[in-house]
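Some structures to go through are shown next.
First chain A sits with chain B, and in the next complex the same chain sits with chain C.
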Partner chain A sequence: MAEATSTAIKPVKRASSGRPNTLALLLNNTLATAGLVVFGLIVLIALAAPLLPLPDPDVTAPANRLFRPLTEGHLLGTDALGRDILSRLIWGTRVSLLVGISATLIAAFFGSLIGLVAGYAGGRVDTLLMRGIDMVMAFPYILLALAIVAVLGPGLLNALYAIAVVNIPFFARNIRGIALGLSRREFVDAARLSGKSNAQILFIEVLPNVLPVIIITMSTTIGWMILETAGLSFLGLGAQPPQADLGSMLGDGRKILFTAPHVSIIPGLMIFALVMSINLLGDGVRDVLDPRLKSGALTRPVARTAVTRENAPQDMTPVAGAILDVRGLKTEFRFGGQVYKAVGGVDMAVRRGECLGIVGESGSGKSVSAMSIMGLVPTPPGSITGGVALLKGEDLFAASDERIRQLRGSAVSHVFQDPLSTLHPLFTVGDQLVEAIQAHDPVSKTQAREKAIDLLTMVRIPNPAERLKSYPHELSGGMRQRVCIAMALAHDAQIIIADEPTTALDVTVQAQVLSLMNTLRKEHDAGILFITHDFGVVSAICDRVAVMYAGQFVETGTTEEILSAPAHPYTAKLIDCVPVLGQPDRRLDAIEGRPPVVNNLPVGCAFAARCPRAQEDCRAAPIPLTEFGEGRTVRCIHPLTGETTDV
Partner chain B sequence: MSAYIAKRLLAAIPVLFGLTIIVFLIMAMIPGDPATAILGSYATPENVERLTRQLGLDKPLWQQYFIWLGNMLQGDFGRSYTLNRPVIDEVLERFSATLILAGTSLLLCSVFGLIAGVVSAVRQYSWVDKTVTFVVLVGISVPSFWLGLLLILVFAVNLKWFPASGMYAIYGGGDLPDLLKHLFLPAITLAVVATGVIARLTRTAMLEVLRQDFIRTARAKGVTENKVIYKHAFKAALVTVIPVIGIQAGFVLGGAVYIETVFQWPGIGSMLVKAISTRDLLLVQGGVLVVAAAYVLFNLAADVVQTILDPRLR
Partner chain C sequence: MSDAPLLSIEKAERVFGGGRTLFGQPKPAVHAVQDVTLEVHKGETLGVVGESGCGKSTLARMIVGLDAPTGGRIVFDGRDLVAEAGHDLRRLSREVQYVFQDPVASLNPRKTIRTILEAPLIHLLKLGKADRERRLIELMDAVNLAPEFLERYPHEFSGGQAQRIGIARALAADPKLIVLDEPVSALDVSVQAQVLNILDDLKARFGLTYVFISHDLSVVESVSDRVAVMYFGRVVEVGEGRTVFREPRHPYTHLLLKSAPAPGRRSLIAEDANTELPDPYNPPPGCAFYARCPRHTDQCNAQMPPLEDIGAEEGHRAACFHPHEGR
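Right after this comes the complex of A and B.
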């Protein structure tokens, strides 16, 4: 029984369904490992060049010119001057690596220095330095390098300087950002107070902290720098004969591309292998370090929550008069091998024109319960593992995706918490309303627009025709939420699922929106499932209330009964947190302790640890939900009402 | 919105001035006597002296800059000593060829990058996604000048589908089909790296957007999944991708230097390489300034497009 809460609001922890992600991670790792091996091998061979039994790379032998690869004595053949390509390749790789690494180091040194000083000094120094950097970045990268080489004259060293200079901005910008943050931190203040000089602080306190960023930037730019220096050499602007790097070998070979392609293809392949291995390695490292990848925040949720219940419940006769009847609902999240039972068996029924409130702390599973009904819990990581949701007798968890799409926004509509983030920022309010109308009603755009105006009038928005042209950010919070409510009413919904619709609004607006919803549900005879953490809101709109804790209902009943005579100690505590109706900064976490951990719930009552009335027997076994009056249930063996023997 | 565009145009002016300052400073690094360097080693002493006076080389650096800038603003970019014609004429002629090549590439990399990124995100972790991810990595690691050579070998030399070099056939060409035939290989080669970068970014942007609350709202409205992805998510992702396409314009314009050399495309890139090896510094200077200015304008255009898409920026 005892089940659990989870991160109900943000169930975005770790990409799940374990397998594909693990596989992807493994694949990434394999590729990164391959990159490391190839790169290591190339570096090793390049380092060992003087020790290897190679012919002199610069000795020409006109008689042996343009041998094909796999010729006796010349594994990769010879070039136009009869020089051994293998030997030239290895020596050329040495030069390319050396130049690439040197350019990286120079760029890293000067770029980091500029970034550190700009970030640490701030103010005018920062502005001046960063404006300069911006100007350099306003150039197409290679072009600036070309200009520098043009002025200094072709040559490997000049090419190296040019490539280093054009890469300085990448380091300067990255490092400056970090240094700026660090220079505001306490340990820097402490160092300053202890009388250290700026230079001391910069190099002893700040530098060690930005070092990882410098190294990461180096690992991402070194591939580029090798590629670009090779490019300059290819153009004849870098290495000059007799010296050769991979780029100049490729450039030389180009002249005889049609007759002896291997002379240019081989060094190009080497550059490619070198850069590819570095990039693979860099990507692997980045994947491991990127917190977004670790958190699964970059895993795409599918259109509808996965349903993985073993078998549907047998009894499918809905509760009398209920439009929506949910029974035994279980929803889980899986992150990294852990199962978080966000909803652990919930029953609820909503009748026409009735408002059922679900109340609980954040993380109690109330939002997940509500979002499960129309499959709006993100999968991955969420999935519905049990229970049934009947909409006028139709099992929603067994319905097709297309059927669910048809019901969403028509029979069942939603109003969400923060109307700024729930409306699309790039479409006008009118477009979004029209879309909602046309999603289920094949009317023309003009007709839909007229209906949209009617809807806005209905939710008491002045100048509706004008407002249609507004973007969400141009409206106030209350206006936006009215738009959302109008959208929910576009198709005469029988059930409106409202997930904390007033939480993001200030108190006066909150009251207006509540009274609007109340009026509208009576006019339209629609049932509302109202999620909130606020008993003040509950008393304003709900007919019946279910109190939720750790993924389960702990008490249900009419609003009046629950407010006047709460039976569960948790309900009583929650109500105690609401001193006066309409006070804006009521907090629910005034209850001592914290809700139990999501994936590891106690056997007995989940609230026992925080309950002043808890006894031994509370912790021994799961507590059933027991009925103790007309429509009143409580999950407590020592309830507050009808107290007899205990406490 | 027009007010915003005007503001952006004005903001581009200091950037353009910044470009001239940097180019000027680089030119000031010329070792030895700049006048001799500009006129070439066969210049007569009279000519050297005249140019020295004309450029104000005997005056302080900042005065030299303003003299130099004044000349530029009047369209006087100097005279190329190797070609014996005004730099501005040569540069503008070459630039139109570069614009055709770079513009086509930019179009190709935007279209393919966006498609690959979206498909990759929508089918996340599928074999399509893995293939795209790997191909993208190959694309950004491959030296474009080498790739160009390979494509010439395969498609021009062996298969004879496309010409190996040039912009028009020497005899009888000159029409649009001829241009397209010549354009195909270099444009593809030039687009490869930028396609990879754009695809990568689009994938990430799509995955981020698909987690947003407004996507859940669209689903809750009963909008079809195709519309959710290709209308709601794509538009939001596009807003973050557009500036990157602007930045890629710089890499495409720069990469044109290699590709034009490999395919002997008569653009500004191949002109620059030739000018550098013949030390025709005024030609280099003119070419760099024009391409850099074009890059600034590309970025400006990306800004404007982004503003049109995102009302919050207006």
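Right after this comes the complex of A and C.
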């Protein structure tokens, strides 16, 4: 997963080319667009009120009272005093909008200020400010607004103040939460070390990052504020006669609701349309601006990666002895019209009891390759566009969803990098193990619990019966990863796909987990597909290694051969650029440049631009993976042979 | 190497929590750093290595004045660093700077690189516009980045480039000492080498002194003159890098070195699974490594082993009653 996102994020260039812009994203949301259109229309009409040929909204004409709508000269009829309802409606909307927006701005300003200061300062200041806010919140809002209006006296301006004050806590609490998180971020420390004062950090560093949240909060609050204004006016505490305002119009019509319903229904509908459109638009704005939603959380991936290969390969006989045989695997991601070829044709075979390591840098496609096998790449945006994955001869890409569900966690299981995010924080380790056991095995809870104890014993967790009652956060990182391994072995797994399982662990713990995995694969005769970036880890556990670069294997072979005599210049460089323990004087040979972005791969060798041995023919055509001795392949036409080791 | 150390940390201690609640109940306290005594001489690189939770980052934050020790003294260039950080962090920041672990998180996502790099020039050095411009070009050149990158935003950079910007920011005020907190652990291996080479180059060019914190033994070995190994908030072994790595005396250092994966090393000798860190709220009275140590005796559990000179080499010290033999 991490691999997939990093592949996706890296290519974003200056003007975020190819990625839809904010407005396009907003317009993509039908409801939000509808809201925008309605709201825009209402605002336009309200703004144009002085220009429109409307009768004076406040002139009474008792002779013309209570005309029905669609009367000559009064499109929406007249009210109890004979005033034109259309005119009053438009002028009233103007007032309501003005009050709603001003109140929101005032509340946003003071609320955000309080929230920012409280979140940044923390400690006593935070306690003091937030308890004050709590006190404001402890009153029912309408009561508080009434109290404020009672003190200040009725009137539109006073109603505006009351509504603003009542809504300050809403902003303060929201912003404080965000500011609190931001203030503990590294860039704030960095700004402090750059000599900035607290005020400078708060307003120059923190505020710009909070701004989207303020705007989101505002967009979802305006509707609410207009409703509250209408509420106060309805009670006669807002706009004073004869001034028109949606709430007071509603209040006027209340007494004649049964004789002349249109007098109250029309402003009621207006309030409904206005608030509804603002809320729809506000939700749309939030979805677009919220970074969590922006990253694609709104597009719900389906349970299995889409397979869109055109024709499956004819030859489906697996390599002799291989449990897992993947051939020509291609996985692509589509973002805003661009195609990212994360995996561009990968062949691999894992035999029983064997450990195949896939080594590569971030973005090389190693995780995506592994995730594709069981259809764990999120769709959209990912899809498998070619190749075949055979599990003991069965084509996994052609299997039914139900079949894949059966295989996941039983014949093929996964161990991921971060055990803390893999395990559910709210359930005990025992519950989760029992669930994993019962998912594929119809045994009673007691039996499952016994099996869970056996599993924990197997992964060398001391005192397993007690540990079953622990929550993930109560275990150390190494223990958590052991639990994940136990879970992966719950159903006699034939293949374990381990995606950087030790990267998040400390070295001493890493050594333990590696030797545990090494023992278990022999005990269970299971194959391991081991993804890592560390050649040291590879040496410790893998029998064979595949080195991956820009979505393709560039070299495969046994661990010893590859480490002692790498044939592909990339492999050689990758080994040379890592400091090795015990050789402090070794010159670190950095690889200049950066890996290519997988939406724009060169025709020839993807490594040519960084390769010291690159020649004209390297760039001319795709380089095939060729045999290079017994059980060894290399994707290079000028491979390193023994005598020229100095790359 | 001059005689007076540039930075000397004397019995530094940092306790988190503690104190009493409103009703007088004592609150739990965690000793993140305890009794740490280290010296850093001008021009050298002190590597600090240890596993997560050993207090190395807390130590780093205390050296740059982002955190204050609850006990002990930190002296920089003859001045009390803790007092100075309290009343004039800017003065300290002109001489001691920090490079963060996560290069992207340490750059404000809404500021251009120019704004980020100008901040220390404006606030710490009070440079004028023309001087600033010149210095910016110098800095970008020092970390091998093109000057046109100045107008870009942090998200447009890869991890390695972002970390070079982080280094440029630390260099901006022309400091004497730079504390590097895991500066390469978030980077890909090929990029890691680029950054390490740049750091090495800058050190020679500007006569810098580094405190290099990392959990990666091979990286620390390749950059450090001297190494301090930390475990559970204390320094358990310190000495010349070569000596410590070739002849580790403390059993923990021994274990670390045995556990580290290296290309070509087939078997990792792993201890058995019951190897938890001690409970930080309830630390053992003696050596914190007692439960994991194959050489432990009753004495280790009863008494705290002091950090003492050991072996032939000067400055090689280990806190162990039963250290491994020197070769």
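The criterion applied here is as follows: the second predicted complex is superposed on the first by the 423 of 647 C-alpha atoms of A that agree within 3 Å, B and C clash if a C-alpha of one lies under 4 Å from a C-alpha of the other, contacts with A are read in each partner's own complex, and residues count from 1 in each chain.
Here is the rule we use: a residue touches a chain if its C-beta (ideal position, glycine included) is under 8 Å from a C-beta of that chain, and two chains touch if they have at least 3 such contacts.
Fair warning: this is a prediction, and the values are worked out from it, not measured in the lab.
Trainee: Is A:Glu435 in contact with chain B, with chain C, with both, or with neither (first, second, both, neither)?
Mentor: Once the two structures are laid over each other on A, A:Glu435 reaches chain B alone.
Trainee: Return first, second, both or neither, reflecting whether A:Pro154 touches chain B, chain C, both chains, or no partner chain.
Mentor: A:Pro154 sits against chain B, while chain C stays out of touch.
Trainee: Of the two partner chains, chain B (first) and chain C (second), which one does A:Thr60 touch, if any: first, second, both, or neither?
Mentor: In the superposed model, A:Thr60 contacts neither chain B nor chain C.
Trainee: Considering only touches as defined above, state whether A:Ala511 meets chain B (first), chain C (second), both or neither.
Mentor: Touch status of A:Ala511: second partner only.
Trainee: Report for A:Phe187: first if it touches chain B alone, second if chain C alone, otherwise both or neither.
Mentor: Touch status of A:Phe187: second partner only.
Trainee: I want to verify the contact counts: of chain B and chain C, which reaches more residues of chain A?
Mentor: Residues of chain A touched, chain B against chain C: more for B.
Trainee: Which holds for A:Thr71: it touches chain B only (first), chain C only (second), both, or neither?
Mentor: Neither partner.
Trainee: Which partner chains sit in contact with A:Phe535 here, chain B, chain C, both or neither? Use first/second/both/neither.
Mentor: second
Trainee: Could you list which residues of chain A make contact with chain B in one structure and with chain C in the other?
Mentor: Dual-contact residues (chain A): 12.
Trainee: Under the touch definition given earlier, write down the residues of chain C that touch chain A in their complex.
Mentor: Residue positions touching the partner: 51-52, 64, 66, 89-90, 93, 97-98, 100-102, 105-111, 116, 119-120, 122-124, 152, 155-156, 158, 160, 166, 169, 172-173, 188-194, 196-197, 215, 217-219, 221-222, 241-242, 245, 255-277.
Trainee: Note which residues of chain A are touching chain B in the complex, please.
Mentor: 12, 20-21, 23-24, 27, 31, 131, 134-136, 138-144, 146-154, 223, 227, 230-231, 234-237, 250, 254, 257-258, 261, 264-265, 268-269, 271-272, 275-276, 278-280, 283, 297-301, 303-304, 374, 376, 378, 401, 405-410, 413-414, 416, 418, 421-427, 435-436, 439-440, 471, 473-474, 484, 487
Trainee: Could you list, by residue number, the parts of chain B that touch chain A in their complex?
Mentor: 15, 18-19, 21-23, 26-27, 29-31, 121-122, 124-125, 130, 134, 137-138, 140-143, 145-146, 149-150, 152-153, 157, 204, 206-208, 210-214, 216-225, 227-228, 232, 235-236, 239, 249-251, 253-255, 257-258, 261-262, 272-273, 275-277, 279, 281, 284-285, 288, 291-292, 295-296, 309-312
Trainee: Write out the stretch or stretches of chain A touching chain C in their complex.
Mentor: 10, 12-14, 185-187, 189-196, 200, 205, 208-209, 361-362, 459-462, 476-479, 482, 506-512, 514-516, 533-540, 563-564, 573-575, 577-582, 584, 586, 588-592, 594
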